[in-house]
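Each chain carries a letter (A, B, C, D, E and F) given by its place in the written order, and its residues are counted from 1.
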Amino acid sequence: MPYVNIKVTKEGVTPNQKGELIKGVTDLLANVLGKNPETTVVVIDEVDTDNWGIGGERVTLRRQRGL
Amino acid sequence: MPYVNIKVTKEGVTPNQKGELIKGVTDLLANVLGKNPETTVVVIDEVDTDNWGIGGERVTLRRQRGL
Amino acid sequence: MPYVNIKVTKEGVTPNQKGELIKGVTDLLANVLGKNPETTVVVIDEVDTDNWGIGGERVTLRRQRGL
Amino acid sequence: MPYVNIKVTKEGVTPNQKGELIKGVTDLLANVLGKNPETTVVVIDEVDTDNWGIGGERVTLRRQRGL
Amino acid sequence: MPYVNIKVTKEGVTPNQKGELIKGVTDLLANVLGKNPETTVVVIDEVDTDNWGIGGERVTLRRQRGL
Amino acid sequence: MPYVNIKVTKEGVTPNQKGELIKGVTDLLANVLGKNPETTVVVIDEVDTDNWGIGGERVTLRRQRGL
């Protein structure tokens, strides 16, 4: 029944990697809290680098500087 | 003034259905809690089936098995 | 499988009213989109009026003016 | 370390405007609460006007009436 | 830089369990996507069983029936 | 009509500081995007330091080390 939301920048996450994140988080909640995997929901949001800010600036600009 | 966020998988929800969801939730909050419809905000997120996990796997895979 | 988050100010919502919101939203998603009620998750957040702002001010201040 | 999520309708927000929002929110949290800009995260969600409801209807319909 | 939000019912999660969830999710994002643990943020929301609905009813009622 | 959610650790934010955050964000959205302050909603979540993780650990532990 847990609900997990993962937000990362949209920079080429593959379907297999998404599957690994979903499996990993679901297993973690089962192992640590005994939550039922069948009703554990995981939603992954991929956010454009123009729409993600850190350090007061868009990630797009940081990527252009190699950060 | 309430804020409601509805997340569903992105599988062909029509504009009319979105309108029904918005109207239905807004009416519900007015009827149950007396909230003013004019300031009730509803945001619908449609999530790619690759980005939605349940039972430890992507919904894409479940759909391929007819679930 | 849908996930719904309802945010309202914390002003005496009763357990029965919460039940009505949960039932109402779950039925709406079943009726409009054919979603399975058994896996529809609804989370209600009650937010302190000091922590909710509209019109550029805390709701606490609006309540003091009878709004 | 704060996390801020800004949701607006998807109606032509430019990269520069996004940068101003990110900079403005980050500065605000530094000025008001002394939060470190380097670890302040801002995520902007642009929501289709069909998916945003207010007053019980889609924003798309309001825009057609000039609201 | 990822942001993860975990929502579970408020039913006695210990500080150590919270630490395990935080460590586990942070490691997962480092292993699968190469994300920097130093800027990975995890927020855990514990939700009252009256405020969490599944199957159209409050979790409180399900717990009373031993579910 | 924008919706903004600010999450910070629960470490003594005063009502006045909350008011400054609400006012500041609302003004920012009016100045940068021309959004109407009357329908701009801001919700502040204060999160227990046990429930906020960064660098793979609870903030509680970082505070004990003076970070």
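In this text, a contact is a pair of C-beta atoms (placed from the backbone, for glycine too) under 8 Å apart; a residue touches a chain by one contact, two chains touch by 3 or more.
Note that this is a predicted model, so its numbers are computed, not measured.
Need the most distant chain from chain E, centre defined as the mean of C-alpha atoms.
Taking each chain's C-alpha mean as its centre, the farthest from chain E is D.
Tally the contacting C-beta pairs at the C-F interface and at the B-C interface, and name the larger one.
B-C
Same or different, please, for the chain D to chain F contact, judged on whether over half of the interface numbers appear on both copies.
Both copies, chain D as well as chain F, present the same residues to each other, with over half of the numbers appearing on both sides.
Rounded to a whole Å, what is the gap between the Cα centroids of chain B and chain F?
The separation of the two C-alpha centroids amounts to 25 Å.
I'd like the Å distance between the centres of chain A and chain D, where a centre is the mean of that chain's Cα atoms.
The computed centroid separation for chain A versus chain D comes out at 20 Å.
At which residue positions does chain B touch at least two other chains?
In chain B, the residues touching two or more other chains are 1, 3, 7, 21, 25, 39, 41, 43, 52, 54.
I'd like to see which chains touch which, written out pair by pair.
The set of touching chain pairs is A-B, A-C, A-D, A-E, B-C, B-D, B-F, C-E, C-F, D-E, D-F, E-F.
Quick one: in the complex, what on chain D touches chain A?
Listed in rising order, the residues of chain D that touch chain A are 15, 18-19, 21-23, 25-27, 37-46.
Name, in rising order, each residue of chain C that touches chain F in their complex.
Residues 7, 47, 50-58, 60-61.
State the interface residues of chain E toward chain D in the complex, per the touch definition above.
Touch list, chain E to chain D: 1, 3, 39, 41, 43.
Which of the residues in chain D come into contact with chain F in the complex?
1-9, 13, 17, 20-21, 24-25, 28-29, 32-33, 35, 39, 52, 54, 59
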